[in-house]
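Written below as structure tokens is the structure these notes are about.
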Amino acid sequence: MLGYDATSIMAILPEILLLLTGVLVLVYEPLWNKETQRRNAGWLTFGGLLATIVISLLFARPGAPQEVFGGMVRFDWLGFAFKMFFIFAAAMTTLFFMDHEKLGSRGQAYLLLLAATIGMNLMASAADLVMLYLAIETTSIPLYVLAGFMKDSDESTEAGFKYLLFGAMTSAVMLYGFSLLFGFTGTTDLYALMGALTAGQLPAGTAFGLIFLVTVGLGFKVALFPFHFWAPDVYQGAPTPVAAFLSTASKAAGFAVFARLFMVAFSSMEFSAIWVNFLAILAAVTMTVGNLIALGQKDVKRLLAYSSVAHAGYAMIGLVAFSELGIQSVVFYLIAYIFTNLAAFGAVAAFERVTGTTEIAAFAGLSRRASSLALVLLAAFLSLAGMPPFGGFVAKVFVFAAAVKSGLIWLAIVGVLNSIIGVYYYLTFLKVVYLYRSEDEDKPLPVPSPYLMALVVLSIGVILLGTVFAPWFGLSGNAAIALF
Amino acid sequence: MAFPVLSAIVFLPAIAGIIILMIPEERKTEVRVTALAAATFALLLSIFVYVSYDVAAGGYQFIEEYSWLPSLGISLKLGVDGISTPLILLTGVVMFTGVLISWGIDDRPREFFAFLFILASGVFGVFASLDLFMLFFFYEIAVFPMYLLIAIWGWVKTREYAAMKLTLYLFVGSVVALVGALAMYWESGLGTFDMLALQHANFSPEFQRLWFPFVFMGFAVLGGIFPVHNWSPDGHVAAPTAVSMFHAGVLMKLGAFAALRVGIMLLPEGAKYHMKWVILLALVNVVYGAFIAMVQTDFKYVIGFSSVSHMGLVMMGFATLTEKGLIGASVQMFSHGVMTALFFAAVGMVYDRAHTREIPKLGGMAKPLPLVAFGFIVGGLVSMGMPGFSGFVAEFPIFMGVWEVKPWIAIVASISIVITASYIMLVIRRVFFGEMPAEFEGHIGPIRVLDKIAILFLVSLMMLLGLFPSVMLPMVQSGVQGVLSLLGGA
Amino acid sequence: MEFINTHLLSTILFFPVLAALVMAFLPKDEHKLLRWTAFLASLVPFILTLVLWSRFDPNVAGFQFEEQYVWYEAIHSTFHIGVDGLSLTMVLLTTLLTPLAILASFTVVDRVRLYMILFLLLETGMLGVFMALDLLIFFVFWEIGLVPMYFLINQWGSKNRNYASLKFMIYTMAGSLGLLLAIQMLGVLFQTYDLPALYQLWPNFEGTLMGLPAATVKTVAFWAFVIAFAIKVPVWPFHTWLPDAHTEAPTAGSMLLAGVLLKLGAYGFLRLVLPLYPAESERFAGALAFLAVMAIIFGAFGSYGQDDFKRLVAYSSINHMGFVLLGIAAAAKAIGTVDATIALNGAVLQMFNHGLSAAGMFFLVGVIYERAHTRDLNAFGGLFPLMPVYGGILIFTSMASLGLPGLNGFVSEFLVVRGSWPIFTGYTAAAMLGLLFTGAYILKGIKKVLHGPLNERWVGHLTDINVRELLVIAPLMVLILSIGVWPAWIMDVINKAMTMLY
């Protein structure tokens, strides 16, 4: 069983490459003098991440789903697709790190980012509860540190600490759920669990309890109501690039686990009947709460935090559609969301590093001050609002389509109504950017080249997702099939 | 392979918009020239489509199909029939004239034209789409630039409120319709969004009756149907001139057109079942809109509410489900589009000079602006359905259609003609004739040559159609035959 | 030439539009050029109408010079025009009065180009109504004519023009509403708007419509038609727009308004109401006759009560058009009889005659107004010595209006009364009473202007009628006299048309 054959290596090739990158950063970091150091470490990380994507895509594409390392890891398209986007998100975040005053000058920041990425990769491919838990912790701990990275900022410290506390508690609850699962079934393998959790073995109450315990942990990761309370504070306090990474890759990783766990381990009739309704209600409440609270926000990072809560709700619609199309739409949704939100946070970060504020009111006159940055914000926010030709529109249509197909018309309508609220506050923000005047209009707002590069890539990605959506949708389809 | 003229039309404005965005901000003249060139080209293409549409053959022509997402049956399928071809032309016309009269925009013209063109792409896309998904796609594209266009370049007093109201209304409508469309997609079991296939999906009557209101009303919001018409006058008034032209001239047609394409053509049974009350709503539009227009004192609000009234006639024509009604409604879409474009252009030109739109404060504008007065008067005559102008050609068959279905509605609706005549005449007289207030004396400059071209172009279109209905009617008729065959040869 | 031979009617019809288009490109400050262009252009249709008259064969039943083109296929309406004796008379009247009206407007200096263009367009509008053989086309021209008239009153009228023009517009449009609806109903019912076809179909239509018996629907539709035309004629009590419009309109506008536009209403009765609704016409003939008599009497009283010269003439139009309607009502009552034909002949001739005399009267009022800048009868007085030629012409025209034997008014009014007497004896007798007051108000007008003590303020200010003005009035006087003395040339055409029509 423990044969380390070529397939096994292929299965974890991205992680190996990431590790390698990390080692390189560690080795080289002390060699650079202070002046040039920060850029180089960043570019090295970025290059490593990029190389990882390219090499993996060329050589480590999965074939038929396969379990390796004694069933710890599953080598399939679901995991692979997510991995690629995590690494991509990390690469983009690296670019945002580079010119960040506090993060860019510290090699540790990049290392932590790489470590978290490795953890996410494993989350996406883990096929065993033990592995899953380890992966989640591997992801979380570096992120706790990153969130609190700005030691001299109270807010950042608070963010890191809050994230840690919430994370620790919810993962403890989840671990309790995992142990119960093991206790009832005697196995930690997700695919074995599917068989073990068949009809009649567990009373409905117990089944619901199990589902609830697991949902607590994962709900924290994806910021599902009522486990979302950390999100606004942490996003606001954490360095903006970290918030970008948290709100995109980390959330997507949570959904990857959600998908695998619920569609595989909990896919039996009894279980699915329970969690589909439970999560459907959670999804409806999540998006409603997220959107309604977002309406009143004065700070764009908090606004994006609540909007990301709402988006967790939309993505959840695809999951509770409980179908191949549903998973496909979730994957697509998350891809679009990663691009979009990274672009939004990235633009905010670019703004923040010059002005030092993320107050919405401070964005007044931005379109006259830096029209390209304003255009990126326009694309990102409209995509979040679900307007074509941006990815968000297609993504929303797909999750709604999945819901309608599965007969969850009420949920689709709740989603639709919510997206209208969304339109309101997204447009309100754009209004400030485009309409309001400010005295600072004439001051320059330089955008460093790494930012510019990332933002251009992301904007193009957002538009491509919304126009030439077939390849992406095909990819999502491959990922979804891997579960069935 | 023939030249893909429809995709050229659809994507040309968007591409032009992107190119415009790449021109450096300060080079405003280059921006304008590029915009005008693109608009002219789009107009020529749309004229080409109009002229080369083979009326005798009828049906859908210039069909192009590119597989877009085969697994869900989404394809970029474009094609036009006798109903959409005139609307393509209309869009080309309004786009062209809109650019002409927007020459003077000085605040960020680059973004203005870029957004306007993206909007135009969306509009062309909706009119040419034969794929339900793509129709929604373009529909949304047509809606959101509106927000920015109104909010940024609109009338300072109400633009924020109006832009948001408009966007939310339209967005609500479109997503409601979207849910209905998705339901259709799954119910059909055909696995395609191709509307030509969905037309023959044989939905059960129960299904059609359930979903028709969602789909039809969802789109009809943009058509300004009562009681969800409220966004439209506010939006018209707040918008800058070219946007008002686009908005009332083309965008409202989008709603009506989509309501026809998706609502009536895909759910004919539902249409038959629900038309009883739709026609009543349209009646309210027609009469109530005219009354409200009459009591307005803001020049632009008058036109805004008159649009509500006139679009009610379109809806009414649709609701008859008869040949005449549908023909009339389709022509009315074109006629009203050209007419309101002209109206708003005229209002804009007056406003730009007088800086007020309060009718009691205006007067004597015909002297310094004779051509504007002429244009507005012709528009007014069209608006009141004066024979010899396009409005009559459009409204007459609508009324005939209504006669065939519900005579009393025709009788009640005809009241609006007199009301329209009276408010149009009053506005013409108060704004363009009479004594010019002293403060304007010598301050009203002449209009640009480009403005003149725009006005004369629009006027001649309306008169051409009014005097020679046969330049458009056979085409529309062939399109309507297609609709009727779906309605069971009614 | 060949083209004109085959398209004589459409050439007459559209030549004014063409001329208007050309004029739009002439320099707007060249008043002289503009005036003469307009005048010469308006002479062309007149000459062509004379050609038409000479080629017209009164002995042939039905319509002549018919032309038919595709117009609005989708609703089965074609551009169908043609003339019979009735319309020919009206066409002649129109093409005759238009050049005279234009000639009369040579004193206009404000926006001459637009003014002349509107006149030419107005001519086409009026001619179209008289020529149309398609119900929809009829309606098209019917409405189109409103627009230039509205602007003529609104832009070139006197003090109260805004009120008057809007009233004119709204009255007529509101009146047309019923007509429009009724036309639509016919179109929906028969899928055609062709008049000759509808003549056959509609009167014979039976069964139910919209759940109502055909007779009821016909009655409603009949009144819809009647009201539309009655407003235009105008018939008491729908006449209130007329004095305002006439008074405010510029002189030439009044000439055409009284001379031709009022005839549109009467023409509508003859062309549409009687043939399409023979039964209803017969049934309601009494009511129509009553309205006609009221118009005659109240028109005369109203006229007598005026102190404004132009208003006096305006009210006289109501009085005179009452006779037209009386003739029509009588004919409707007893269609096919000799009496009916006589009454009809009288009505049609009265239309023509009133066109001549009313145009003349309005022109003469205009002449004095231009000089005195007032129309107040009490401000005049004893002007005969100052303006002997003018005085003579005024008396001559007034006498025509009054119905003096030997002038045209007598012939037509006599025919109407002669035809109606056996049919509506009571009403006709009452109308005779009205005739008495006609004499009264006309004499009052003459007395107040020409006779009595001379108002000194005018001495040296009023000059006699000039050559151009004479040229305007002279053709009218010639016709007035010729019809009065030898009516046969026109009666022949009218009589044959009436005999064949009904």
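A few remarks follow.
Note that the chains take the letters A, B and C in the order they are written out, and that residue 1 is the start of every chain.
The rule we apply is simple: a contact is a pair of C-beta atoms (placed from the backbone, for glycine too) under 8 Å apart; a residue touches a chain by one contact, two chains touch by 3 or more.
For clarity, every value in this text was computed on a predicted model and none was experimentally measured.
Chain nearest the geometric middle of the protein is B, using mean C-alpha positions. Ranked by how far their CA centres sit from the centre of chain A, the chains are topped by C.
A separation of 42 Å divides the Cα centre of chain B from that of chain C. Inter-chain centre distance (chain A to chain C, centres taken as mean C-alpha positions): 83 Å.
Across the complex, chain C is touched by residues 323-324, 327, 381, 384, 386-388, 392-393, 396-397, 399-400, 403-404, 407, 410-411, 414-415, 417-418, 421-422, 425-426, 429, 433-434, 468-470, 473-474, 476-477 of chain B. The part of chain C that touches chain B in the complex is made up of residues 70-75, 136, 139-144, 146-147, 150, 154-155, 162, 166, 169-170, 173-174, 177, 180-181, 184-185, 187-188, 210. Residues of chain B that touch chain A in their complex: 21, 25, 67-72, 108, 111, 133, 136-138, 140-141, 143-144, 147-148, 151-152, 159-160, 163-164, 167-168, 171-172, 175-176, 178-179, 182-183, 185-186. Those residues of chain A whose C-beta lies close enough to touch chain B in the complex are 367-368, 371, 375, 378, 382, 385, 387-389, 393-394, 397, 400-401, 404-405, 409, 412-413, 416, 419-420, 423-424, 427-428, 430-431, 434-435, 469-470, 473-474, 477.
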